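Order of writing sets the labels: A, B and C. Residues in every chain begin at 1.
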Amino acid sequence: MDMNFVTNLILASVRMATPLIFVSLAELYSQRAGLTNIGLEGLATIGSLVGFMVSLLTDSPMLGVLAGMMAGIIVNMIFAYATISLCAEQIVYGMAINIFAPALAAFIYRIYFGSGSSLVQVRLMNTLAATLGITPTNFFSKLLLDQTFMVYFAYALVIFTAIYFNKTKSGLNFKAVGEYPKAAATLGINVIRTKYLASVICGALAGMGGAYLTACYTTTYVDGNIAGRGFIALAAVIFGRWSASGVLLACLFFGFCDALQIRLQVASFGLPYQFFQMIPYVATVVVLALIGMKKAGPKSCGKPYRKEER
Amino acid sequence: MKKVFALVLSLVMVLALAAPAFAADKTYKVAMICDSSISDGGWGAACYNAMIDAAAINGWETAYSDSIDQAAYYDTIVSYCDLGYDLIYAPGNQYTDAVLQAAEEFPEIAFALLNGGANTPEKAVNKNVTSLLPNAQQIGWIAGALAGLMTETGTIAFIGGMELDTTKGKYAGYAEAAAFVGQKAGKTVKTLDIVYSNSFSASDKGIEFAKAMIDQGADVFFGDASAVDSGARQAIDAANQAAGAIKIYDIAQPADILGQNECIICSQVTDNSSLVSLSMQAVMNGTFGGEVIYGTLQNGALSAGRISDLVPAEIQEQYKAYLDEMIAGTFMQ
Amino acid sequence: MHKNRFFSVLVPLISVLLAFLVGCIIMAALKANPGTALKALWKGAFGSTRSVGTTLSRATPLIFTSLCACFAYRCGVFNLGGEGQFLMGSIVCCYVATQSGITGLPGIILCIVAGGIAGGLWAAVPGLLKVYRGQNEMIISIMLNYVATLFMGVIYTNWLREGSVPQTMSVPNEVKLTKLFGLRCTSAFVIAVVIGLMVYYFLFYTSKGFQLRAVGLNMTASEFNGFAVKRYILLSFIVSGVIAGIGGSAELLGTQFRLINGFGAGYGFDGVAMALIAQLHPLAAILVAIFFAALRVGSTTMQAATGVPTSVSEIIQALVIVFTVAGLAMVKLPEFKAFLERLFPARKEA
């Protein structure tokens, strides 16, 4: 096991963690406002497809990401209306979104690209190094410079989220909605509006995470390219104990597991690779089993909020 | 609830009665099932085009279902059988069990299994399954000889889709031809252990596999994993771009797609359409059944595609000489 | 109460109609004749005895998972782990069927019982964590679905693999379930219906079933009445897992015969959705499962005959779920009830 193996493994972990960071932050904002949204997989799918189509049409990966974001918001508004205004069961509705959004994406893809059999490829976003005209040679320049704008944005977003939830009044109010919505309402916080705002952020980030895959990662789109990342993101929020920094570490750890799994397959490692892929899910169950209920996330998660009961 | 369903179902029936009846058609119909997408820029696309080309020559109607799960192979085949399709075209060894099961239930329908086993037609009780079997070893040779000539690091790689016998055959042919050709040129060529993506659609897996294999020194790639291959090519192109020169190459298959990515130096071409066309003609002549149609270099079903300018002229000459040896049957003798 | 029952039928009905309406609009936009397309859909699902057999065979696993969801939800807990329990059942069943060498009826019974136990044990994990650690059973059961799917991957790519394709060996002919009337549909369908009837009888005609439903309706009150709430929750989870595990075994012995990639994928969530559309009524769940299976079976015929892609049928299915769940939540809203009071004031007096 040489140095090269280790550095390349770290680079691959960062690469694989980035989409997870977006989608996990989406879930974090949603849960902090008391909405458990398991529809991330669906939101990311539609974000990925729309992002792909727009960057194909405009030849701009950036516009693709923005369009993916919008698509995520629009689909998540269905979730928001049903769970916030109609008080539908959140997890069930998230599941409905997971069935609906991929079906919609498959349909749009089929109709738009028809029965053509030619491979459609898009241009990927440039890395910072490419924009600056630098050729990264060593490990640190590859790690720090050979990344797309979206990667820097993801880490900036983590820092922003950490500060927002812990240091700002608005962030504390936001968290209060997730913990004690009725008390928050008596303090003059508009609970419903906060929940809708959280849904907009959630849809935007989840859609962005999906669009990242086609704007910065693969040049092609295939059905099912999200491949369970939505649920890994859900796991990352729990494993990261509902804090921005924890979520970041969880995503990096899960990204590391995934990168390691690929490399062990190439190196013909004996143990079936599926055991490595199980790590995020098993880790989440173990964390939930170990921590008490009181620490298990925002308290109003999953519970509908009705104004009348105030 | 029962009333609800009675209502819904009767509504559907009323709508159905109001609709015009199906037009009766007498043209022959072929349906293809595929687990990857037909726009994957690789296997799925090539097999689909083979069907379209063969159908155009013979005047058949076509239909397809792509991106289907392994668990849904049988269901999809059966629904085409129910619709009265004359020929079911299943491009891959992995469909064998589903095809045999359906062939037993639909003796009047013909099934063409591309890459089917040599003994699969015997297993079909109704003698209505044909294996279209391109020679996997020769496919491996066509790619391996060029890989052996072109590698500079002495390490080459192969990405497989599923652990199929045909895939193993291609890998073996690829590795032995590369080693043989390399030895003749005075270098040792090592082929990395085969990796399987276990999916024909996960292009992100192709990227990561290729990156990991490039890290191990591989500089010529071949594979049979459809969209996974396109991912690998993307990673190879990126690595070449970072290095500022095209030093890592890819050999494509089974259609000639030179120019799709800049790393492609040549394609191993399988003329599946001639094989499909043969089975269509057998169906029309009523002679279909229970045989293996081989595809080889000798009968023209296998060949090497256009060669890129990245391959120096002298290597092109050597490569063509090896191809001639393969056709003559004297290669590695 | 009467009004509630009225809505519980009306909401799914309207949802189905709306979903089909949207589907027809999509078809028309694709320049296909919606009538022709729907006729093809119907023909594919129920057009011949053979297609009816196919539809019922596709419905069978969905019946099991929706009964699984029904049972747990009647006790007030959500089992979103139906898929994992279904898979664990089929994995253990596959092991017993291929390795034990016991054949014939005893073999079949042994396989199904083993699958049921495996499903029950897999469901016990979220059940225990719910009861003793107070954790969210839904999240845990979702995570366990993925663990089960990956574990099945280990089985068919490694441990029980046979031949070149990543799949397990086929279960022996002697333990395959019998086909009914020579159709694709097997005795698994009969097992599913019988379990549906048993669940129905248990929930509505036994005192234990009454207590279980009471726990589901109001946990606090049940505790006050001295019902062993925790035990009911855990048991309902386990029984629901057993139903899913039997379903996985029946699917393996009746339809698929081997574990392969995509086995059982999505059945767990589908089952929850169907249970909700069926208003948690076990017998209605059977009908809903058949309805969804028909949409799936018919969609291939529809695509082949009219060029309307199968994803239109998937969109229709998803919309039925989206509309029904939202609709059922809506009619429970106080605003909606108040609106109805205003709309039909006479009814109150009557």
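Operating definition for what follows: contacts are C-beta pairs under 8 Å (C-beta built on N, C-alpha and C of every residue); 3 or more make two chains touch, one makes a residue touch a chain.
All values reported here derive from a predicted model rather than from experimental measurement.
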Centroid-based (C-alpha) most distant chain relative to chain C: B
Contact-richer chain pair [A-B vs A-C]: A-C
Separation of chain A from chain B, taking each centre as the mean of its C-alpha atoms, in whole Å: 35
Cα-centroid distance, chain A relative to chain C, in whole angstrom: 28
Junction residues of chain C - those touching two or more other chains: 153, 157
Residues of chain B engaged with two or more neighbouring chains: none
In the complex, chain B residues that touch chain C: 1-5, 7-8, 11-13, 15-16, 18-20, 22, 31, 63, 65, 69-72, 75-76, 78-80, 82-83, 85, 93-94, 96-97, 162-165, 167-168, 198
Residue numbers on chain C that touch chain A, as the complex places them: 26, 30, 78, 80, 125, 129, 133-136, 138-140, 142-144, 146-147, 150-151, 153-154, 157-158, 266, 269-270, 272-273, 276, 309, 311-312, 314-315, 317-319, 321-322, 325-326, 328-330, 332-334
Touching residues on chain A, where the partner in the complex is chain C: 36, 38, 78, 81-82, 86-89, 91-93, 95-100, 103-104, 106-107, 110-111, 228, 231, 234-235, 238, 272, 274-275, 277-278, 281-282, 284-285, 288-289, 292-293, 296-297, 301-302, 306, 308
Touching residues on chain B, where the partner in the complex is chain A: 37-42, 44-45, 48-49, 52, 64, 67, 192-193, 195-196, 201-205, 207-209, 211-213, 215-216, 227, 230-231, 234, 242, 244, 260
Chain A residues within the chain B interface of the complex: 4-5, 8, 12, 16, 113, 115-121, 135-136, 146, 213, 217-220, 222-225, 227, 259, 262-263, 265-266, 268
